[in-house]
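Structure, as structure tokens:
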Amino acid sequence: MKKIISILMIGLLILSLAACGKGETNEQGYYNKLNVYNWGDYIDPQVLEDFEEEYGIKVNYENYANNEEMLAKIQAGGTEYDVIFPSEYMVEAMIKQGLLLALDMNNLPNMKNIGEQFKNLPYDPDNKYSVPYFWGTMGIIYNTKKVEGQVDSWNILWDEKYKGDILMLDSSRDTIGIALKRLGYSLNTRSLEELERAKVELMNQKPLVKAYEVDAYKDMMIAGEAAMALTWSGDAMLLVEENPDLAYVIPKEGTNLWFDAMAIPTTSQHKREAELFIDYMLRPEVAAKCAEYVMYATPNEAAKALLSEDVIEDELAYPKGDIMEKGEVFIDLGEFTTEYDRVWTEIKAK
Amino acid sequence: MKKQWLSVPYGIWALVFSIAPILIIAVYSFCSRSAYGNIIYEFTAENYGKFLEPIYINVLWRSVLLATQSTLACFILGYPMAMIIAKSTIKKRNIMVMLFVLPLWTNFLLRTYAWMVLLRDQGVINQFLIYIGIIDEPLKLLYSHNAVLLGMVYNFLPFMVLPIYSVLSKLDNSLVEAAEDLGAPPWQVFLKVIFPLSLPGVISGAIMVFMPAVSTFVISDLLGGGQTVLLGNLIQNQFLVARNWQFGSAISMIMIIMILITMGITSKYQGEGGGRQLW
Amino acid sequence: MVKKLCKAAYAGIIYVFLYLPILVLIVYSFNDSKYRGNWSGFTLRWYQELMRDRTIISALYNTFTIAILASLLATVIGTAAAIGIHHMKPRAKAVFMNITYLPVMNPDIVIGISLLALFVWLKFKLGYITLLLAHVTFNIPYVILAVLPKIYQLNPHLEEAALDLGATPLQAFFKVILPEIMAGVVTGFLLAFTLSLDDFMVSFFTTGSGVNTLSIKIYSMTKLGVSPKINALSTILFIGVLSLLIILQQRASNIKE
């Protein structure tokens, strides 16, 4: 018995050492390893395999659950991530801290596929550091069997009629953001007075709220156990598909527009291969594959053309007209972030 | 050979991987903060001062209360279970122990989601209760204090049962028999003989339940619907939302010092009063 | 007889409590919907998708090798430490016990971030080895806490008797002491293994170079909803471990007969 265990142990050790083999240049002249750092399930795994086959570069694929976690890892060092997928405000924060490498547009010919309205946004004015990956809006998903009449305003989330039937997002920026929007303020406000007013609104709303959630609220909506929830457009699309009684609306007061991007952090040792990967991700057929897998809206116009008619015509995912009129993009708040956190703690701990 | 030397490898390990990191956290807790939350090595005690605000003290109180409740619940549910396992035949014992930890080998998040399915308004438990006619209206089980408590008991129960079981399994049976022969009724045998002898196991179990319970955050987020903020949530938020590592570090330092002081007092009290140490 | 029935009923209820969520989790691995909202039909689709996703398979491999290696190492170091601590003078004992409590009460995120800072400061490249070191670190205290009560229970004359009868200290340990404290050592190992399998926060901050664990994979999916692929995987693992357990148990009872 003891022998078996020791043999097993040695075997495991050898295997574990073999797992981290050394990288080197391959026949096509590329370094043969690339470290990609992404949200979980945010890419079609097939795409990674195709990339490996085409260029002979092995993709080391690692995941994170939250922008700040990723930031902490990049800041600390000790890692060699080549491509990351930060959200818009995180792109901005990372640029300001000098944590991103400038992209060489000559190596990204497929950048032409990105729609004009998704280029040069305030978080990265000349797209010097990032390329958009997916985008969407925030809004209310509601059950048409439980909610009567027209829903077009954030006010419904404060309606006493739906006491205990309202789900909010457990995310300080988003939930405080819509309270600010409802009051007619910017969701990037740095005015303490405006923030305090939003706090009072949310404290008044708390007795009506069933839960502050991030993931499982979707199950509640499908099961018809809540009347409405704050949600992102990508998820809304999937929810409506599951339960046809549900509907999604972007309130008239305006909302939040979000973008997730691809960028190269300063930890990267292989920028050329990282750019190769990003350009590959911008190919119409690759971007379309990812859009089909994740079901979020792609900013890649050429890829959009490859998607089915139903999807493109769905106004939930792809609102018509000038999207910038629908809402605001989050700006990184710098040191003011702690005020949002204090307010959020006060609301939740009440 | 002096036995104390056996703990030298652990001593070195702890020095490098437990104490050094705590020192780093202690340094962070006294540092200032830049606009992007970076650590600036300038002394300040502000992070500790901030914790004295009423909302944070309130959070602390609630966390300690909840952890105490879940430790007690684990003890009350777990002790009889440990006794049952310990009294089974050796053949049965092993499988019963394995069956006790097996559920914990599936992912924590999935297990918690499964509890949400069970506890929902139209979930399995409510539907069952309505079906057998105990209730007419679904009970509000999910998103409550009790749901959080249940989640904690579910996840920490084995940490109470296993140490108690391992002590009970090798209890000196002659002592129990002697007490019985001398005419002690079963409950007295238990209270005066079995329970005191199993105390080291109970203490181990209580520590392994109480301490993680104080700092947990996922259970309160998911089963409590994010409506209760516990110490664990507070610390988590400082690191992952507010980018205020300094404050997060200060909170966890306060927690560590508080618990160490409590442990110190209890062990001293036990040492003098009972003439016996924790172990 | 009534007493026996009561006991069986109590154990039964506790086990139902432990396994009810596992049952739910298995059922939902066959649900056609990505969400756990309603039952929308039987499917094996998630099992097929699981086979397609090689990142999950490599995460599975890392998770189990790390858990086995870390809990074995922690059991050896922790058991030795527990024996040492038991023989210490009260003051040294108190110091060692307090050090032992540190990783148990420290929130995972604090352990994770402080170890990350330490590894970077020591110029370690983050990856498999740092992940292993971190897991051993938070596992050892649980082994100590599980083994100590057993040592306390030990008859101090047992070892003396063995030594008097001519056993070497090593023989005395392996032939006399170890069998006596085995229940505690096994408990410690099981707890350590369980903690390793389930850890997310510490693993997240101490890994790198593309070394994912299952927990990291699962938590990182919360943004888009945890895929039932993971339920499918858990079902396979659960059934696998359970069958293994039953086979071992049957072989053991055959030998005894």
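In this document, chain identifiers A, B and C correspond to the written order of the chains, with residue numbering beginning at 1 in each.
Following the convention adopted for this analysis, a contact is a pair of C-beta atoms (placed from the backbone, for glycine too) under 8 Å apart; a residue touches a chain by one contact, two chains touch by 3 or more.
For clarity, every value in this text was computed on a predicted model and none was experimentally measured.
Asker: Going only through chains that touch each other, what is the minimum step count from subunit B to subunit C?
Answerer: Steps on the shortest route: 1.
Asker: Tally the contacting C-beta pairs at the A-C interface and at the A-B interface, and name the larger one.
Answerer: When A-B is set beside A-C, the one with more contacts is A-C.
Asker: Just curious, how far off is subunit C from subunit B if you go by their C-alpha centres, in Å?
Answerer: A distance of 16 Å separates the two centres.
Asker: From the mean C-alpha coordinate of subunit A to that of subunit C, what's the distance rounded to whole Å?
Answerer: Their C-alpha centroids are separated by 33 Å.
Asker: Distance-wise, how many Å sit between the C-alpha centres of subunit A and subunit B, to the nearest whole number?
Answerer: Comparing mean C-alpha positions, subunit B is 34 Å from subunit A.
Asker: So which stretches of subunit A touch two or more other chains?
Answerer: If we look for residues of subunit A contacting two or more partner chains, we find 66, 69, 72, 216, 219-220, 223.
Asker: At least two partner chains per residue is the criterion; list those residues in subunit B.
Answerer: Expected reply: 113, 116-117, 239-240.
Asker: Mind pulling the residue numbers of subunit C that touch at least two other chains?
Answerer: Within subunit C, the residues that touch at least two other chains are 36, 113, 117, 218-219, 222, 226.
Asker: In their complex, what parts of subunit A are in touch with subunit C?
Answerer: 9, 12-13, 15-16, 19-20, 35, 39-42, 45-46, 48-49, 59-66, 69, 72-73, 76-80, 214-216, 218-223, 234-235, 238-239, 242-243, 294
Asker: Which of the residues in subunit B end up touching subunit C in this complex?
Answerer: Residues 1-11, 13-14, 16-22, 24-25, 77, 80-81, 84-85, 91, 94-111, 113-118, 124, 154, 157-159, 162-163, 165-167, 169-171, 197, 200-201, 203-204, 207-208, 211-212, 214-215, 217, 231-232, 235-236, 239-240, 245, 248-249, 252, 255-256, 259-260, 263-264, 267, 271, 277-279.
Asker: In the complex of these two chains, what residues of subunit C are touching subunit A?
Answerer: Residue positions touching the partner: 33-38, 40, 52-55, 61-62, 65, 68-69, 72, 113, 116-117, 119-120, 123-128, 130, 204-205, 207-212, 216-227.
Asker: Can you list the subunit C residues touching subunit B in their complex?
Answerer: 7, 10-11, 14-15, 17-22, 24-25, 28, 36, 77-78, 80-88, 90, 92-94, 96-111, 113-115, 117-118, 121, 133-134, 136-137, 140, 142, 144-146, 148-153, 169, 180, 183-184, 186-187, 190-191, 194, 197-198, 200, 214-215, 218-219, 222, 226, 230-231, 234, 237-238, 241-242, 245, 249, 252-253, 256
Asker: For a test of understanding, state which residues of subunit A touch subunit B in their complex under the given definition.
Answerer: Residues 66, 68-69, 71-72, 75, 93, 96-97, 170, 172, 206, 209-213, 216, 219-220, 223-225, 334-335, 337-338, 340-341, 344-346, 348-349 of subunit A touch subunit B in their complex.
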